[in-house]
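Scrolling down, you'll hit the structures one after another.
Look at the two complexes coming up: subunit A is in both, with subunit B in one and subunit C in the other.
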Partner chain A sequence: MRTRYYERDAFPPAVAELRRAYRVFVPVRRGDFHAFAEWDDSVRPDFDYRKTRVPPKGLVFPQSERLLVFSTDERDPEHDILREAPKDFPPQAVVGIRPYDAMAFRVLEVNFDTPEVRDPWWLRRREATTLIGLARADEDATMFRTENYAGPFDERGLDVIVYDLGRGYLAKALGEKGEAALAAMGGDEPAADALREVEERIARAATPELPAGRLRAQPAAPELPTGRLRAQPVVPLFEAEFWDEVAAPCLNCGVCTFLCPTCWCFDIQDEVRKQEGDRIRNWDSCMFPLYTLHASGHNPRGKKTQRVRNRFMHKLKYYLDKYDRGVMCVGCGRCVEACPVNIDIREVAARMNGFGEQVERHDR
Partner chain B sequence: MIARDRNPYLPYPVRIEEIITETGDHSLKTFKLVFLDPADEARFAFLPGQFAEISVAGKGEIPIGIASSPTEKGYLLFTVQKMGVVTSHLHSMRPGDRLGLRGPLGNWYPWERMEGRNVVIIGGGCAFSTLRSSIVYMTDPSRRPKFKRLTAVYGARCLSLLLYSDRLDEWKGEKSGIDMHVTVDAMQESEPRTPRWQCHVGFVPAVVKEKIKDPTDAIVILCGPPAMLKFTLPVLKEAGFADGQIYLSLENRMKCGIGMCGRCNVGGKLVCKDGPVFSLAELGELPRET
Partner chain C sequence: MTDYTDRLRAAARRLLGEGRVDCFIGYRRGSLPLAAQPAILTRAEQADSLIWDPSCGMNLAHYAVGRADRIGIVATGCVSRSLVALALENQVARERLYIVGVPCTGMLDAGALRRRFPGREAAAAAYEGPRVTIAFADGNEELAVAENLARPCRTCAHPNPVVADEMLGEPVASPAVPAVPEEAAAAEARSAAERWAYFCEAFAHCIRCYACRNACPLCYCPTCFVDESRPQWVGKSSDPTDTRTFHFLRALHLAGRCTDCGACERACPLDIPVRHLTSRLNAEAKAIYGFEAGLDLEERPLLDRYRPEDLNDFFK
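Coming up: the complex of A and B.
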């Protein structure tokens, strides 16, 4: 297992070394927000960022992607025959990704890589991606922990974990992809006990106190209350009375789904310019009525309550039941932060989680 | 099912061989499709009840039930009602035009359970397509001995809206191997097609009540508009059919057809992948959101 130490100023140049072998994506400041951008000479990485507004999920699952191409020109012998859009999948490194955003890819993979069918584009891009994570205790007040996010030092989704020690960075490879990336970054051997010291501190406390600066002690983000959800029967939960109250203020703007690193819904549309056609996949949202509207005019989720309920039931119940790998949420808090009417998944989870209890009390 | 190593979004190229206008109002047409590469036919092995995504390049894709039977070789049939963007364009196309076909998708009627049993088929309106596939499949001489009694009730608003008139003549015949009951809501005065066989006048549930009385060792497969389902299911239950004996096919809005885009769910089940065929018992355990 390769480990490397970088003085604070030496880290960006080491990351820049990766550009020889990878397309490198880094956090950059964009107005009031941060976003991941490809590191070319026009951008300056900002590794002190907290959270990007839009998650890096698009680096594997683009917001808009051309899947197939075709010609509608009848003089073309291949007209109206759809072909895979030519594309390649060069190695890419996402440097500075936070552990929750990395775990989100694990949450998503069960949808795109199934025992029966596999999404070729998602898989090839995921395979070509190396995640170099930034570990620093700076969770904000909108964040929380779930089975799929154990805190700012969660290594599970990463290929390399980079501890921000204030004066410098300590990087540890977590598998083959990580070894290769760290080798390409160069850097020095850390002091003999450096890694052990950091890991002991992490093991000692839920949110450890690490050396001065960035890794300061901080109250641990709370757990999302989901412990009783698995045992809840699905139909009564679906029919619970609180859904109208939860959904009442919702504007169906879709922001909560577009900013969510673990949402995967998409739409497919054809576009033709002159006689060249593309079949394109775009992110979609279960918050929009059109998502489920039948050609007959019938809509199984025509009402706002039905759509809001579907979003939370999918994340916190259907996903949990179907895959047995926790809820479909990594606690990033983006939906909490961005919802214009303050609908809060933590409150909804608490109501869903507590629902059976009320029913049991009734029954007695 | 699509092979796991195949790109599940890439359609097989097909050609429209023939277009049959099924109904007097021209709202339903059957498209006979042939694979451009004959080798694709074997890759498209399916069972009745499954569907496919039909691609019209530049317009989009639509899920349509397979109306032909696996015993009908060399072509596939799809019966399409003119509704919106893609179906309207399809209705304006001509023999020789090219389409794409993705599939076969979804599950099928419970063929393993149906073998050795009595089978009841109930259909209404344009949703009769996968039931056509099923009847042709079961009455094929090679397969007929596998089933006991076959009974079908099929209804439309009027005679001119009945699908597959050529096949109806055959199924109504003595040696068809199926007891076929056809009904229309009302008999039009100026009916263009007067059938040679006896036709009921009345709604599907009423005919079911009269003709389908014995639930013993039987499986029911049904497909039809919501109103037909709403009034037929209580009749079947009254006759003693259990929820586990009744199978129906759902139609939710779809895009990917392979369980990835998310939109067709009923509770935790995806209609495109876990369905479209569900037993009433299975549906009873799902949230009611169809």
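Coming up: the complex of A and C.
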């Protein structure tokens, strides 16, 4: 495995080398928060960022994507025939993605790459994407660990992992894509002390310790309580009384789903301008009543509680049962942070996990 | 302000215990510092989970809509105004509401506080009179609540409940506020082209999660125009035209109805200044008709009444 070392100031120019062969996406500051943007001459990367407000899932799964085109002009011999929208999938490198956001693509793949159905657009874009991750122990209090996020040095979802050592960066390739990217970035062989420092940082992060005197409502990055969920029979959990209480404050906005790196649901819409039509795929949200509205007018999840329950059951129970790949959550904490009414997935997971045990009522 | 917690708990305990109400809508402690969570209590023994402090900002009137039972609810000036507006539009029944009023000195802007201390993370917050102490890993910061208010609270002209069945304290003095809110005034100074450019830029990052709409107590339509599929009024993609259409229409649907509680802005995950549009409309309603929504249970909503002296120079 190729490893390379870059002094702090030498890292951005090394990343810039990638622009010769890739479209390069980097974290940039946008107002009060960060977002991934294509690195062109109008933006400046900020590799000291912690978390983007909106996850980078849109780089593989855009919020709106034109899939097919058609003509409604009856004089056109091919009218009303759907053709694939022309587009290309140039190689792209996402530099500075955090390990949780990279793992989210592994969580998403079970939906887009199945034995029965292989989503051509998601797959082509995924194959064209190289994930160059930024590893630094700076988890915030809304974050937590799950089977799909082992901590800030989790390399499972990445092609290259870049350890931030303060004075410089140590990059390690994790497969063919990573080897190619790192070769393009140049850099020096790392010195032995830099390699040793990486080992030390990884060891420290495995057992997070709180700085002395630090007050916390939550310990830093605790595990999401899910250990008993697999054994929970699904029907009693579905019918549990606590869902009404969990859902009571919910406004049924879509913040939690739109900011979730592992939410994959979409809706398909046709839009026609004059006589040219587009078939477009848009992110959808299970928090919206329209999401489950049938053509008959019936809505199987017409009530707020049903929708809130479905979101948590899908993430923490159905996904777990169906795919046996852990829960559908990478612990980024965006939903915890952005929920306008402070619904906290850690508290909901604790209720689901503890369901059936004699537990105290959860009045804080 | 914190002193109201005990009185609030006592009121909720009494109302639920005596069967005066079937539920009580208030706030409980959130899981994060600087966060409070709306809570709907149904038993007197839950009363001690209620809190009252400057993190109790999300408008509770939302939770009173669509309930058929007798509701107890804690209300500041803006919550009470929303309840009045909802009662006038037949979305809540005044006789089934028991309003516990709190004179309000303003709520914190938690987002602004996070931005004020970039890279530092609040571990806990404690409120003492007009001050809040935020504990960070590297030491405490003590701040005046009044200097860190949420935007609508900074120009609030109605801090006291406009209607209440009991009050938890003496009314506070209404601060002198500009007739036109700062945001609306800033927009006035711009040319139409500048306003358009500002609008396009400010709303460019909207992700159409509709949190602004859902947080608004006055947005109660069973099916919002953006969710209509037959016919479909607005496109569902992230096309800027559709996003702008949504924001225009959302604001216009609130003309003469918005009570400027700021729930929309509070809920936005991308800090989009969605309130600019409604505050501009509010300023217009006040300037042209002398009308402010939700002040009087006897006064019909602005778009639901006609007076001979109304502005009528559009009749040609």
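Keep this in mind: the second predicted complex is superposed on the first by the 334 of 364 C-alpha atoms of A that agree within 3 Å, B and C clash if a C-alpha of one lies under 4 Å from a C-alpha of the other, contacts with A are read in each partner's own complex, and residues count from 1 in each chain.
Keep in mind that, in the parts below, a residue touches a chain if its C-beta (ideal position, glycine included) is under 8 Å from a C-beta of that chain, and two chains touch if they have at least 3 such contacts.
Since the model is a prediction, treat every value here as computed from it, not as a measurement.
Specify the outcome, clash or fit, for subunit B and subunit C once both structures are aligned onto subunit A.
Once subunit A is superposed (C-alpha atoms), there is room for both subunit B and subunit C without a clash.
With the two complexes superposed on chain A, say which partner A:D267 touches: subunit B (first), subunit C (second), both, or neither.
Both: A:D267 reaches subunit B and subunit C.
Going by the contact rule set out at the top, does A:N282 touch subunit B (first), subunit C (second), both, or neither?
Second partner only, subunit C.
Examine A:M1 and indicate which partner it touches, taking first as subunit B and second as subunit C; both and neither are also allowed.
So A:M1 meets neither subunit B nor subunit C here.
Does the superposition put A:A191 against subunit B (first), subunit C (second), both, or neither?
Neither partner.
Between the C-alpha centres of subunit B and subunit C, what angle is subtended at subunit A's, in steps of 10°?
90
Kindly classify A:Q306 by the partners it touches after superposition: subunit B alone (first), subunit C alone (second), both, or neither?
first
With both complexes superposed on chain A, which partner does A:H294 reach: first (subunit B), second (subunit C), both or neither?
Only subunit B is touched by A:H294; subunit C is not.
Quick check on the superposed pair: does A:V255 touch subunit B, subunit C, both, or neither? Answer first, second, both or neither.
Only subunit C; A:V255 stays clear of subunit B.
Once both structures are overlaid on their shared chain, how near does any Cα of subunit B get to a Cα of subunit C? Whole angstrom is fine.
So the smallest C-alpha to C-alpha spacing between these two chains is 5 Å.
Based on the A-chain superposition described above, do subunit B and subunit C contact any of the same residues on subunit A, and if so which?
267, 269, 293
Mind listing the subunit C positions that touch subunit A in their complex?
Residues 28-33, 35-40, 46, 48-49, 58, 62-63, 111, 115, 119, 121, 123-124, 135, 137, 205, 207-211, 213-215, 223, 227, 229, 235-239, 263, 266-267, 269-271.
Help me check something: in the complex, which residues belonging to subunit A touch subunit B?
67-68, 70, 72, 79-84, 111-112, 114-120, 234-235, 238-239, 264-270, 272, 277, 279, 284, 286, 291-296, 298, 300-301, 306, 310, 313-314, 317-318, 321-322
For a test of understanding, state which residues of subunit A touch subunit C in their complex under the given definition.
Per the stated touch rule, the residues are 30-33, 35, 50, 53-54, 63-64, 140-142, 211, 213-218, 248-249, 251-255, 257-259, 267, 269, 271, 280, 282, 285, 288-290, 293, 336-338, 340-344, 346-347, 363-364.
Quick check on the complex: what are the subunit B residues that touch subunit A?
1-2, 4, 7-11, 13, 36, 55, 57-61, 83-84, 87, 97-100, 226, 251-253, 255-256, 258-268, 273, 285-290
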